[in-house]
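For reference, the structure is listed below as structure tokens.
Chain naming follows the written order as A, B, C, D, E and F, and within any one chain the residues start at number 1.
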């Protein structure tokens, strides 16, 4: 059967700051600029989750999108939305919440829930001008 | 010469329903939900056709986009636009018109018309939040 | 208090055909072109609902957007989404489901549910290139 | 001379929470839901500033857009970007930073700097689905 | 009958420079900056034409969009597309091709061809961040 | 460390014409159509620069986006913006400024400035409907 990739778009709004606790304030400020603001700033994150596999000849689906949509809601949107990433999410206790690191966290959370027969990749927009992609490499 | 991919965007509006005639109505309804509505629903499909190959040193083109645009119009837009996919298109007589299957049909129709020296891939948006990609694998 | 307009975006997917039963097939075809296809075609309708009024000094809201979002869901999205407008919606039994007429139907359904102290207007995209606005004039 | 409106798009990223200090926590939570999270959340605010007036017959401009762009940068982007609206901006010490109230604050800050011969209005996107407009009424 | 506004999106690509021949080069350069480049630069202009009127009770249309689309093509797209506005269009022989002035020229060309019973307005994007609106005031 | 791709969006406005000086006018006109207009036309080019590499465990960055943004500004935006590509840029003295060729020129200019440990690719929109991608193959 042909291998097709299905993509589903989602979003969440969060606050964060870029910060490395091992560094002095001056170094944090120098490296992370205004993203280091101790009072936080935030983003409307737009997320595209992509799943690649063979079309099921019975349904015509690679994966039932209502199941994928449900997974994204329970694992990602409900977990990240309207949260302060630095304070409220354990993954970022010792990990700087850059777009790169957030994309790896999202990938890992979804990878556990999606069949290993399916390839997974992630696109995460921090702003319309800055975004990242990650596929588990 | 450098290998570049050229992309061309197009669109068409169609009606469809998701449905498998071998299944009872209850199973169709359970698997396909409201997409199984027997009176049909519809979409503005957005299509991106991508063609990869070496730049022609004379023209600076991978492929003349006016030729590609013409192919997309005659093979895809004129064929799918303002149609009921289930009733009017022979490809979907026995094939469920999911986005996955539509993308394979589009790919196959274009693949016949485009030089084998050029790689082809397809992106098809069923809605701004649901889309698929296919490259002949 | 300042008067501000709040806008909320929503969407639904429907099938329809343009058709006037008092007319002969030839005239329907001549006036409505391929939109008259008897097997229907469809669209991803994008809807923006706009509500204007004074800011409530206690909440800072013109209208609680979660209430507006709920109204749009129950009155419009659940009613129009994945439906065949001509066959399944009583409003279009004798009314041609053009974007103009759909916008008036949506406006009238919402107007009943929103306080008369608030001004209402509607923007409805049939495609990214064709859309209408209506404000009850 | 013809009266034309010129529009300029800008953006900033901020953290905020919706909260009214006169209210008990329960009431804040009930009215503002997850937007009341005490650890803040955030948005990519997109702003469109619109200025209406007669075309200057010499320049062909209603207003030099490089001047308008500079004003938006100094008065709005530099002031709001990467800030916590509740903590860092004096305007929101006693004013709930809803999109409605933010739009009024932005309008008032720009209104002082733009000639009274020109009409001003503001469109502010809190998310791609929620936005407000204000024109000084 | 309800009064509805129908909108149609179109586009064209042109080259231009901002320049006033009565002025010395220094003043042109000072006022128009890099837009004054004597070798020209260019834009993908996006145009939205809006027509307001009563819905025709027979067709459900304010104006047949295929007629409006045809008018925009013959009067505007064919006239402006892939042209150098300063050199090739007589309207700009003595008129600076700012977005403001282009919108007035477009409005006047369409106003002659559209029934006086219908209100007309124009939105013209010079870039996604700079745009103008004109309604004949 | 995980390998992530970071993407940064930028834009510039330029004039160009498609033209091959070795060819007669008739052949130029026949191959390049209205893009061959000797008075030029222009575009709002949208550019996405993508850089792939391992996340730096200290910063959480693949590459500091403020450095990438600065490179794009100095190497590409300042060089291409508001220019006539055929006349003013030496790269196009003997090279037809098609989107394909422009993408290769941009790639080569950036490739020199970005560490060889990082993979580079380019997406260039000539219009919202025509775009190209290049990754150095």
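As a convention for this text, a residue touches a chain if its C-beta (ideal position, glycine included) is under 8 Å from a C-beta of that chain, and two chains touch if they have at least 3 such contacts.
Since the model is a prediction, treat every value here as computed from it, not as a measurement.
Enquirer: Treat each pair of touching chains as one step and give the shortest count from chain A to chain F.
Expert: 1
Enquirer: If you check the contacts of chain B and chain E, which chains show up for both?
Expert: Expected: C, F.
Enquirer: Copy of E-F's interface among C-D, B-C or A-F, judged by over half the contact pairs being the same?
Expert: Selected pair, repeating E-F: B-C.
Enquirer: If I list every residue number at the interface of chain C and chain E, are over half of them used by both copies, so same, or under half, so different?
Expert: different
Enquirer: If you take the mean of the Cα atoms for each chain, which one ends up farthest from chain E?
Expert: So the chain farthest away from chain E turns out to be A.
Enquirer: Would you mind pulling out the distance in Å between where the CA atoms of chain A average out and where those of chain D do?
Expert: That pair's centroid distance is 28 Å.
Enquirer: From the mean C-alpha coordinate of chain B to that of chain D, what's the distance rounded to whole Å?
Expert: Computed from C-alpha means, the inter-chain centre distance equals 41 Å.
Enquirer: For chain E, what residues touch not just one other chain but two or more?
Expert: 128
Enquirer: What pairs of chains are touching here?
Expert: Here the touching pairs of chains are A-B, A-D, A-F, B-C, B-F, C-D, C-E, D-E, E-F.
Enquirer: For chain E, which residues are in contact with chain D within the complex?
Expert: Counting only chain E, the residues touching chain D are 18, 20, 31, 33, 95-101, 103-104, 128-134, 136-137.
Enquirer: Flag every residue of chain B that touches chain F in the complex, lowest number first.
Expert: Those in contact with chain F are residues 2-10, 50, 55, 58-62, 64-66.
Enquirer: Along chain E, where are the residues that touch chain F in the complex?
Expert: Contact set of chain E toward chain F: 11, 13-16, 34-35, 37, 39-44, 81-84, 87-88, 127-128.
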